[in-house]
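Multiple structures are listed underneath, in structure tokens.
The following pair of complexes shares a single chain, subunit A, combined with subunit B in the former and subunit C in the latter.
The block that comes next holds the complex of A and B.
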């Protein structure tokens, strides 16, 4: 303090202003420092470990001794030569396309429905959607399981009563296809509310005059959707679709629990389940790590678009 | 005569529109029934006596509702233990992630600095990582430091998974505050920190509440990491407890299962109803404008 008083005023002021400039510039870095530290420590190191593991023989003995044996690309070679990997990948892609298609399609239709109904129906339907949205995945699985069980599931009863056919004792989990179809339906039910509510919010941003002008010009509702509504909603659709693809591609909880831990096998694996079983069922962490990395890589490619879009949004305006 | 002519046509159009609306309302109600039915069926089953549940002709709403299934579910081993564990994990995750995320969100929303794009890419990138792909390395690393079977291990895992989401949503909320307000406070002579504390904090408080509730919900619901990390029965979370409810027995206690499901879902549903509008805004804010 006394030192500062002795130096010439202008020098001290300049130094102080430089100091202030310097502190001001360092503020944002100090602010993100804790976040960076957490991410590096808890995620960065494991990710590095994942890469290392994928080049190692790493089973239960190695987990206990905490050292793996370096085996180069053997894990990758064995995974890429394995039919289970390619079958699972193809199955997951088909599953993802079907689930995302249904989610976005139905979600959008319901959003349009919301614009057509009276306000009390709109309030009711929105409440129902939010209720479905709020169901925890594990709870949703249990409820689904109960509704579709073959002995006295309500689904079989309703279908039989409605005259769709004889569904008494119908087993919805008989084949791999039907198992995955049930998983897909469960996820669609869970995911539609987010899509509907987001698209509905987006629809509110479509200028009424544009739609009315198109109506006066004699455009049908399909034409209006294609030429007026869709171009305005396009960014929302792109974000929703890429988010859904990324989520559904890596889904784990629903297939693992609905199909049942004792029933998941190579004929109904999805990528998330496959990785999990490979590591924790077969206790082959090295091979599991190789599959994980391949999976992360695929998702990374899928999400490049999304990340770029979000970064653009992230610019301080 | 000709001046009056449009009237019946307009009336006809109005009537057609009313019939159209009626048809849409019917469709809307049908969709409502399909969407809400699983939730209704869960609650309705939870209150039914066993003979109604196991009957082949279902009852929609029980004529003699019972609380027996709820009593049974609560009396099951480890119910209160797992509730306590869930609350500990969720509490720690909410506090830690909100503090860390808020600081980072302020940096992103209020400052221009070299490397901010890189940080955004990092945040969004982590948000995109499939959790199933991260289970192995996190498990192996946690095992190395003896943090598996420990609640602490799960807290750290949830923290790193939820942090990016929290940063991103909070950034959206902070951006929503008009810059002029903050500037006006600074012109009035308060420092940047003073302006921050008196203007920014109160305005962003609803966003903080919404984000922390959403983190509460996600952490409460999380399954895969809790399942892998907490292997000791007495040390699990409520979600895992519920997933083991029916075990392997063939005679499933459906009433108990639905009562347990209802109990697990209740805190989530309550909090969710409170904040969903805000979160939907925070996640997609700027999507249309961009």
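The block that comes next holds the complex of A and C.
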């Protein structure tokens, strides 16, 4: 049909259908508009304030007067020139890699274990996992420290009684490495349930016949995991890994409380603790804002890699 | 929505949340409720004094209520900062005397110069000075305390131990106590490894200092020979006397808890520690920590607290509550608990007051509290005690750090 041949009726019908199409297409956007408005209000505005703060000299006197002094990139320059920042960054990256690796590795193994055990063991195990998951971090830290402290910790007692060695008065928090190792273990313990339950749910989607076919063809469990299970679960692993990275990179509660406010120092800072001490311990809020924005940038760069992988990956379904 | 798009959306949201973080401000003012921040010391040591002050205040200010919120030393300043930003600061706040300068300089408190308080003319000079800045009064002295040795009379008697009159005698006694009580978790003198208040007493006993001023600039001095000798003596005494963790502080665990569990023959700390010794109440006494010089007390840290009124608070009511909390009845009760009262008119000759005869105080620099918050001295002590660094090297690192911190803009 050519334009010249169109009758008015045709034209109006087409216009109406175009309108309807447009309306239909815009409905989803209209529906998410309230959500976007709320997110902008509660996340966008603080983020904007944070950016403004990072360009200001904003210490205790400014906090009380409520007026920052604009100093351009001085906060960023002083942070980037600070050895403590780079040491802390490197330490945090290593800490994050180790913690995320342990979390995903152990969580996946337990998920596989769940598929192999009898149903009542599975229920018990899942209940235990959910309990561990629901334990507030602050409470977990207290219990953990109580179990591992030097003066009367039950861990030292049990290890000594079990004949592992003489652990009486053993200080699990003596070196920076051991302090952070204890923090890492606590976080792994806390994070495993989420990984296990998610992977276990994902495993239900792996078609039974694919696994059976592979078994018949003589593939071992490792081979089946690599070539059958893992490709199907890949999106789940990607999202679990990237979420874990974001959480562990900026973790604050566990390291600050377990190491203790009076023991955190530049030799055991993680980024979350470092930004807290700079901003609140030293009352230099502008500098703290600059550090937290740099942290955001680093995590964003780390995550872009994963997001791109996810976008590139074909639709699994 | 497919898996990828959903995952990407979750990631973006998580990132945004991670960036913004969360700072919650507690406290808050409602009309006719006076919010008071005291340290937990009052909660465990003298809750009845607080209750009496509240009752007196409420009787004098009908319709007013008091909300006492107990804070811990390690966290109260960052919480206070958050409430200053959120316009919800408490009406009265207890500040450590080492913490006052930074906040007075920043203009965080209301001027109390014109207000009248009990015993204002006889306030303890040293403590009153910590609440004054630029000729104005911002802090009302609350109480002071020196640190003493709280000990088990039965355990001391079992080794024929007399009250030591020098550090050398005390070390020898500690070795005897250790030989008699072989339990590995038992400390003849429980001292937390990073208790810098105690360690610095040795520094001052040997004639050292933490920092001095020269032409308006601060210089860290812990790496000078006298201070190093003091730190070395501290390490020697610690090794002879304490089985505490070399990396822990004096609140985790509380020394009096260790003592109450029977794991220490003596503990070092504020005189009010005798409050919480459990079943050993009748077998507990106190003496003054001796110096290296026979017959002298060691210079002790004169700790103390001031009560201040943050900007934006109800000044009249806050001052009225402070008056009730620091009157003669309160001070007499605080003294009975083993504290040094805020007025010379009530001073006596308790163990605490004798210990206060030789004392030292932190450098009165605007940024001193940043040295405390950065755990500079604690880090130095754990490095020394765990032999990760020599005394001299650890002291040099700490000293450079102190010079840098105190001279910041």
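Convention: the second predicted complex is superposed on the first by the 259 of 317 C-alpha atoms of A that agree within 3 Å, B and C clash if a C-alpha of one lies under 4 Å from a C-alpha of the other, contacts with A are read in each partner's own complex, and residues count from 1 in each chain.
Just so we're on the same page, a residue touches a chain if its C-beta (ideal position, glycine included) is under 8 Å from a C-beta of that chain, and two chains touch if they have at least 3 such contacts.
Nothing here was measured: the structure is a model prediction, and the numbers come from that model.
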Which superposed partner A:262 touches (first subunit B, second subunit C, both, neither): both
Touched partner set for A:130, first subunit B, second subunit C, both or neither: first
Touching partner for A:59 - first (subunit B), second (subunit C), both, neither: second
Partner chain in contact with A:94 - subunit B first, subunit C second, else both or neither: neither
First (subunit B), second (subunit C), both or neither touched by A:292: both
Touching partner for A:69 - first (subunit B), second (subunit C), both, neither: neither
Touching partner for A:311 - first (subunit B), second (subunit C), both, neither: both
Touched partner set for A:80, first subunit B, second subunit C, both or neither: neither
Contacts of A:143 with subunit B and subunit C, given as first, second, both or neither: first
Broader residue contact with subunit A after superposition on the shared chain, subunit B or subunit C: B
Residues on subunit A lying within both footprints (that of subunit B and that of subunit C): 39, 43, 46-47, 50, 63, 149, 152, 235, 239, 246, 250, 262, 276, 280, 292-293, 295-296, 299-300, 303, 306-307, 310-311, 313, 316-317
Subunit C-touching residues of subunit A, taken from the complex the two chains share: 39, 43, 46-47, 50, 59-61, 63-65, 145, 149-152, 168-169, 171, 173-175, 235, 238-239, 242-243, 246-247, 250, 260-267, 276-277, 280-283, 292-293, 295-296, 299-300, 303, 306-307, 310-311, 313, 315-317
Residue ranges of subunit B in contact with subunit A within the complex: 20-21, 24-25, 27-29, 31-32, 35-36, 38-39, 41-42, 45, 53-58, 99-101, 103-104, 106-113, 116-117, 119-122, 124-126, 128-141, 143-144, 156-157, 159-160, 163, 167-168, 171, 175, 217, 220-221, 223-224, 228, 239, 242-243, 245-246, 248, 252, 254, 257-258, 260-261, 264-265, 268-269, 272-273, 276, 280-281, 284, 286-288, 290
Touching residues on subunit C, where the partner in the complex is subunit A: 2-4, 7-8, 10-11, 13-21, 74-75, 77-78, 81-82, 84-85, 102-103, 105-108, 184-185, 194, 243-249, 251-253, 258, 261, 263, 311, 370, 373-376, 378-379, 382, 386, 388
In the complex with subunit B, residue positions of subunit A that touch it: 25, 27-29, 31-32, 34-36, 38-39, 42-43, 45-47, 49-50, 53, 58, 63, 66, 110, 113-114, 116-118, 121-122, 124-125, 127-144, 146-147, 149, 152, 154, 157, 189, 192-194, 197-198, 201-202, 205, 232, 235-236, 239, 246, 249-253, 257, 262, 271-273, 275-276, 279-280, 285, 288-289, 292-293, 295-296, 299-300, 303, 306-307, 309-314, 316-317
